[in-house]
Amino acid sequence: MIELTGLTKRFGEVVGVDCVDLRVEEGAFVTLLGPSGCGKSTLLRMIGGFEEPTEGTISIDGRDVTDLPPNRRPVNMVFQDYALFPHMSVGRNVAYGLKVSGMARSEAAAEARKALDMVGLADRAEAMPHQLSGGQRQRVALARAIVRHPKVLLLDEPLSALDANLREQMQVELRRLHRLVGLTFIMVTHDQSEALAMSDRIVVMRDGRVVQQAAPSELYDKPADAYVAGFVGTTSFFEGEMTRTGLRAFGQTIRAPKDLAPHGRPARFGYRPEKVELRQGHVADGLTGHVDELLYRGDAVRVFVNVGDGRLAVDLQVTDRAATDGLPRPDEAVTIVIPPARLMAFGPAADKAA
Amino acid sequence: MSLAEPLPEARLRARRWTAMRRYLVLSPPLLWTVVFMFVPYLTLVVYSVWRAEFPLAVPDFQFGNYVTIFTDPQYRNVFLRTLKIASLVSLCALLLAFPYAYFLVFRVRSPGWRLALYMAVVAPLWVSYLLRAYTWKTILGTNGILNSFLISAGLIDEPLTVLLYNQAAMVLTLTYVFIPFMVMPIYAALEKIPPSLHEASADLGEGHLSTFFKVTLPLAMPGVIAGFTMTFCLSFGDFIAPMLVGGPDGQMIAGVIATQFGAALNWPLGSALALTMLVFILVLISASDRLERVGQGRLA
Amino acid sequence: MTVVQEQVDIVPVRAKGRRRSRNGLGARLAWGGAIAAILAFLYLPIAVLVLFSFNSGRLLSWPIQGFTLDWYRKLASNEQLIEAAWNSLYVATCSTALTLIIGVPAALALDRLSFPGKGLFRKLVLLPIALPGIITGISMLTLFRLMGANLSLTTVIIGHATALLAVVVTQVYARLQRLPRSYEEASADLGASGLQTFFFVTLPNIRTAVIGSGLLSFTLSFDEIPVTFFLTGRDNTLPMYIWSTMRRGLTPEINAVGALIVLASAVLVVLSVLLLRDKPGGRA
Amino acid sequence: EGELNLLTWEGYADPSFIAPFEEATGCTVSATYVGSNDDFAPRLAAGGGVFDLVSPSSDSTAPLITAGFVDPIDTSRLDRWDELYERFRTSEGINSDGQVYGVPYAWGAIAFMYKPDAFETPPRSLDALMDPALEGKVALWDDKSAIYVAARMNGDMDIYNLSDEQIAAAQETLGEMRSNVRKYWSSAGELVDLFASGEVVLSNTWAGYQSALLAEQGIEVVEFIPEENAEGWMDSWMVVSGTPNEDCAYQFLNMAISEAGQCGVASVNGYSVANPVAARECMTPEQFEALHQDDPAYLDSLLLWENLGPRLGAYTNAWNAVKSQ
Amino acid sequence: MIELTGLTKRFGEVVGVDCVDLRVEEGAFVTLLGPSGCGKSTLLRMIGGFEEPTEGTISIDGRDVTDLPPNRRPVNMVFQDYALFPHMSVGRNVAYGLKVSGMARSEAAAEARKALDMVGLADRAEAMPHQLSGGQRQRVALARAIVRHPKVLLLDEPLSALDANLREQMQVELRRLHRLVGLTFIMVTHDQSEALAMSDRIVVMRDGRVVQQAAPSELYDKPADAYVAGFVGTTSFFEGEMTRTGLRAFGQTIRAPKDLAPHGRPARFGYRPEKVELRQGHVADGLTGHVDELLYRGDAVRVFVNVGDGRLAVDLQVTDRAATDGLPRPDEAVTIVIPPARLMAFGPAADKAA
């Protein structure tokens, strides 16, 4: 179990990580998610021992490791650029960390082979890193990290250098490996779909602070604020105000749970585009507007609707029921019907949403 | 359109015009290199098989000059000496340059300082070669600055004469003059090593020193090879330091070539010597090029 | 010949900071001492040169005997030296202009065109930078002899231009490689002719490399000996003059010349650093 | 009108007598200096049309004449031709096919000089060069003349007709001497400097010249003709063929053998001169005597340099081999 | 109207573009889609005049332009890296194409301003390119290309350098601009969702050849072969054989249209993961297997099911009906029910599918 207490890192004026408290259970797959520059890497690197915290402590299994150098922590890292030693063969790369701790050459080679086997590269032990594809290098980096049987495996954007197909494949691989070795994984990513797909638990960061930590489905369905809502999945935002009759926005009123937001004060609301319905013409209890633009996506069509001075999105599932022929056309009048349970409310202060 | 069908006239003309424009860009440099580089090397080859006859040489075809070079011990002596001195110079420069470059890349944190210190080694390149070599003569002389300083400091009574007019003085001077050519490629090579490699090594349990020998040094090899080759070639072809600070045993191969074109007035022999040197250096360069590429392929 | 390309590419700066070192004071002192020693080795001679140019005694020994500007005065009235300096200026200017006129198209051709014999062309152009100047010098001497051309400053200029071509080509070529081809294509796409593209788009973007390599080849030409040695007629360039006076013996006057050259070089270095620092707008 | 480009020795174009000449004739003179007689032919061979006048020593003139680098002299245009030493006027070096190719100018000995304060007993013989006490204290001219010196040390006095064995022996002697040699000097100034800065105490020298330059700096040296005798030399001016400045050249030649040139070169360099008549006019009697202008026997006693002909290669090769060891 | 006839480009041994015939109608938005190295850029660059065709001709509006240099074609290009001249201000960049053709300075500036206005950047004319954000640069590049009123606008991966959010935004912008200026757009992309979203017509390329050209929805619903099916959208493939009773695969038989594929010969089949149903346990007329791994994606969950020796995918819409709690768990037995109309068949030769 890893425990971070009041962990802070300042680079001169810049605050990289700002007083983070975090507990990671043994065997969990935790993802640090956030936009570029939010401090994910810095946090991970402090756990790995590559940055010294300005304040706060890090303990692993109850032991304070805050001041240990990287080579003395029970933690290994998979670097974003893999950091394979270019002058050593794959086998020697993987065995590198074993020989240091005094393991005999033959034993180390055997261990390395086992680790390579686990990532499906047992036959490439003789190859040089530059002879491997991106996905293979990735897996060598993994093997090199797990061969030392660390307590925790740190992964800094392990899939960002791979192309889409390979990324999806490696996501499945990583999940499987996690189940197989039973280690604690802490992964950094800025890709929300990756975070959703892979983790048991997601830690959303912003400006060096933790904004929300939750299981993926909880994060998607109950984002803590507009920032998370905009960052994880797509959210259509609009300004409105709760009244006694419902939610009033764009001069129209729709049904909404009474306690969605404080009455009589303008606030920000939103919904997931795939959770709402689009009807032709004007329909009561919906937001009526005109179709602006359609983006076809194969399995769905995203329809942008101009409502008053705002623009809202609706995702239509392209099923047999609503084939492409039945799609609305630009400038057609349509109404967006939002199930009240699907409305999300955010405080007025919430800003900067996608 | 099938292949056999001829292109219409207009299209042909358009193609020809495009081709001509390329040659307009290309021809001045091409002409220059052919006339002033390719042909001169050819004339050198031609001269080298001619026979020396006063005042210069007469056409002939024989390899006597090469036979002389490879049989007369004086040329072997000079060649070996030049080899020795150039190697020593490269070695000394390496021993000074590597720590310096290493310091710049891995120990200096401020980019401003790094730039300043980098410029500090490169800047002397802009100062006259002759003057930099000459200063050592004034420093190392019997009554020179170093000796008089040591005497006035009471460290020695008699001036040291071992400082100047010998091979050590030549090595010192050449090292001084060519050290920037060693620092630059090593710096570039060290600079290219991703910091994550060092972190990965630490992450996997290695200490500083073994990381240096297992990771840093092997990856800096292309730079070391490049710098070594450059320094070696430059000092190999020098004939000025021997005349300034060399003693009676200071003759180097370039000096011999200069003599053949001067006092000895034996251009054919001189040409043959120059070509031998040229081939030697070309072999050296391509060998080092290959070594370097092997090393760089890995980092790519 | 990567040897070459790396060594002339000017000043890489790495912006990213590194991890704070965990080592103690001892290591830092040791490093500091070593670096200071290397810097002393590099700059002590130059300091000596400048210091002794003000030495009133003839003998170059410690301590210096007194302060004087005599050597500078002597130098100012030394006609041969002044003429040599002018010759050098003339040679350096002409050969720099020539190298740029030949070298920039050569770099363009190497980077943008493919033609038969390109490999040999590249090798030939780049050769002189690793080759001892003496070989360039004598090979051109044999050529001029064969052509029956008289040795003069003109032959020196041609020699310098040839020897220094590689400097310009490598630097401009390196810059061109970093310059996306799409700029030129965009320019052609927008209707510009080849010349318009070169002057409006290509040249402004390789400006710093052209100026930088021009400055470098100017300095190198100003300081050139091995090639000049074989190709000059009766006219002396400054280094040849200094060389012959040096061979004739130590004269403190040379310290004065040296001090002036150090000054000029310092100005040039500062100038080139200023000129070559890419303005933010100039970066690709 | 016109310019003159001289390829000559240091001191032969000294402003003290060149400046008045330039003023009087309007010919501007510039000079390029050689360090050795071996430099003349290569400089002319590397491309003509550069120099107008050259001043090689009489042993090096023959190749220039054979190669056609120099033109015959029209002695009728020289006012004082007949005043020159007969021996020089008719010397083999400047006469070929009945034509005269050079105007004798100055002569002297390749003497030795030493620093008196470094010796308890002044050196008399060339053996001093091998004295172990002088380790690293000797300098030697970087010229084939070194072979002549070594040959005489070996007792081979016919130094211009050495056999291969004798040359090899000389080469060996020079090799043994090397531990004593600090530097092979290649210009007058360099030798001066070696003495002035205390690097060496014994060397061969262009008699009269370097010792005078050293005296100017207040450094005392003593010249001597060793027991093994010394070589002698004689320089003459030659007109480079095809010179566009012939008029100036002849004006210069006339000046050179007049009082202006003769005393000029004598006082600047300390060399003896070729025109005793002019010398008597402008020299003090002491100087006249000191320069042996009145003593033809002295001239005869010197081993005056001779053209080595086909043997030249053997000598230069031997000398290069010494330097390459 | 653009017409390519037998257009071929060889680079020595390599065939970049292989005998392509193509007609592009005036005012159309055509996308060249294909994986890296399939020759998209080469084709576009031949239209722009940056590569000389080895064979074939290009004509625009009936005029043969095959041998015209780029500066003499009525075509402009938006480069992938924008290729804004870094030493010129935004205004001068846009005016460049006008000035070189001899337009007066003031007139050119006015035209440039109009073009900048059209992309919403009129107020940034004085800025230098490096002072702009990625999306703004993109728009400047667009303005610079359209200011010359070309007949055709070529776009080489115009959005690939932008981050996900900005990309979506620019997709909408580009569509709008296309409607606004009415030019012919030919765009290159390797991103199928971008191609689907933006184009009127998609040209799928592979190994230098055109594999299929069709409208987006046609392409998605009726891919010509397994390659297109795998490349555009996700397809789950499996091997099977048509029998009289239906389609036999993994030892199970499911209903299928009689004429789906020739009977009695092994062939390749596939379906779109979002068009099928997943049922718990064994159900008749479906493919039964065991759940292997789940990837959560917020609006959907992709379930991988091991069936026999194959692995099939099913996308479950995460709606109120099937909340995350109701999701199958790893190793649970499930059945995939494929509506017969949703089955796609590909010849036995079809290979290399994603």
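Which chain is which? They are A, B, C, D and E, in the order written, and residues in each are numbered from 1.
The rule we apply is simple: contacts are C-beta pairs under 8 Å (C-beta built on N, C-alpha and C of every residue); 3 or more make two chains touch, one makes a residue touch a chain.
Remember, it's a predicted structure, so these values are computed and weren't measured experimentally.
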**Item:** Reaching chain E from chain D through chains that touch each other, fewest steps
**Value:** 2
**Prompt:** Which chains share more C-beta contacts than any other pair?
**Reply:** B-C
**Message:** As a test of understanding: of all chains, whose mean C-alpha position lies farthest from that of chain A?
**Reply:** D
**Message:** Could you work out how far the Cα centre of chain C sits from that of chain E, in whole Å?
**Reply:** 52
**Message:** So the centre of each chain is just the mean of its C-alpha atoms; given that, what is the distance between chain A and chain D in Å?
**Reply:** 91
**Message:** Two-or-more-chain contact residues of chain D, please, as numbers and ranges.
**Reply:** 45-46, 186, 197
**Complete:** Multi-chain touching residues of chain B, meaning two or more other chains, are 56, 141, 143-144, 199, 243, 261
**Message:** Residues of chain E that contact two or more other chains, please.
**Reply:** 69
**Request:** Enumerate the contact residues on chain C facing chain B in the complex.
**Result:** 1-4, 6-7, 9, 11-21, 23, 31, 34-35, 38-39, 41-46, 48-49, 52, 59-63, 101-103, 105-106, 108-109, 113, 115, 121, 124-125, 127-128, 130-136, 138-143, 145-146, 158, 161-162, 165, 194, 219, 223, 225-226, 229-230, 239, 242-243, 246-247, 250, 254-255, 257-258, 261-262, 265-266, 268-269, 273
**Asked** Given the complex with chain C, which residues does chain B contribute to the contact?
**Response** 21-22, 25-26, 28-30, 32-33, 36-41, 43-44, 47, 56, 96, 99-100, 103, 105-107, 109, 111, 114-115, 117-124, 126-132, 134-139, 141, 143-149, 152, 176, 179, 181, 184-185, 187-188, 191, 195, 199, 208, 222-223, 226-227, 229-230, 233-234, 236-240, 243-244, 254, 257-258, 261, 267, 270-271, 274, 277-278, 281, 285, 288-289, 292-293, 296
**Request:** Give every residue of chain E touching chain A within the complex, in rising order.
**Result:** 165, 168, 171-172, 175-176, 192-193, 196-198, 216-217, 220, 232-233, 272, 274-275, 293, 295-299, 304, 315, 317-320, 324, 339, 341, 354
**Complex interface listing, chain D residues touching chain C** = 5, 7, 10, 30, 32-33, 35, 45-51, 186-190, 192-193, 196-197, 217
**Fill in**
In the complex, chain A touches chain B at residues 48-50, 69-72, 75-77, 79-81, 83-87, 96-97, 100-101, 128-130, 144-145, 148
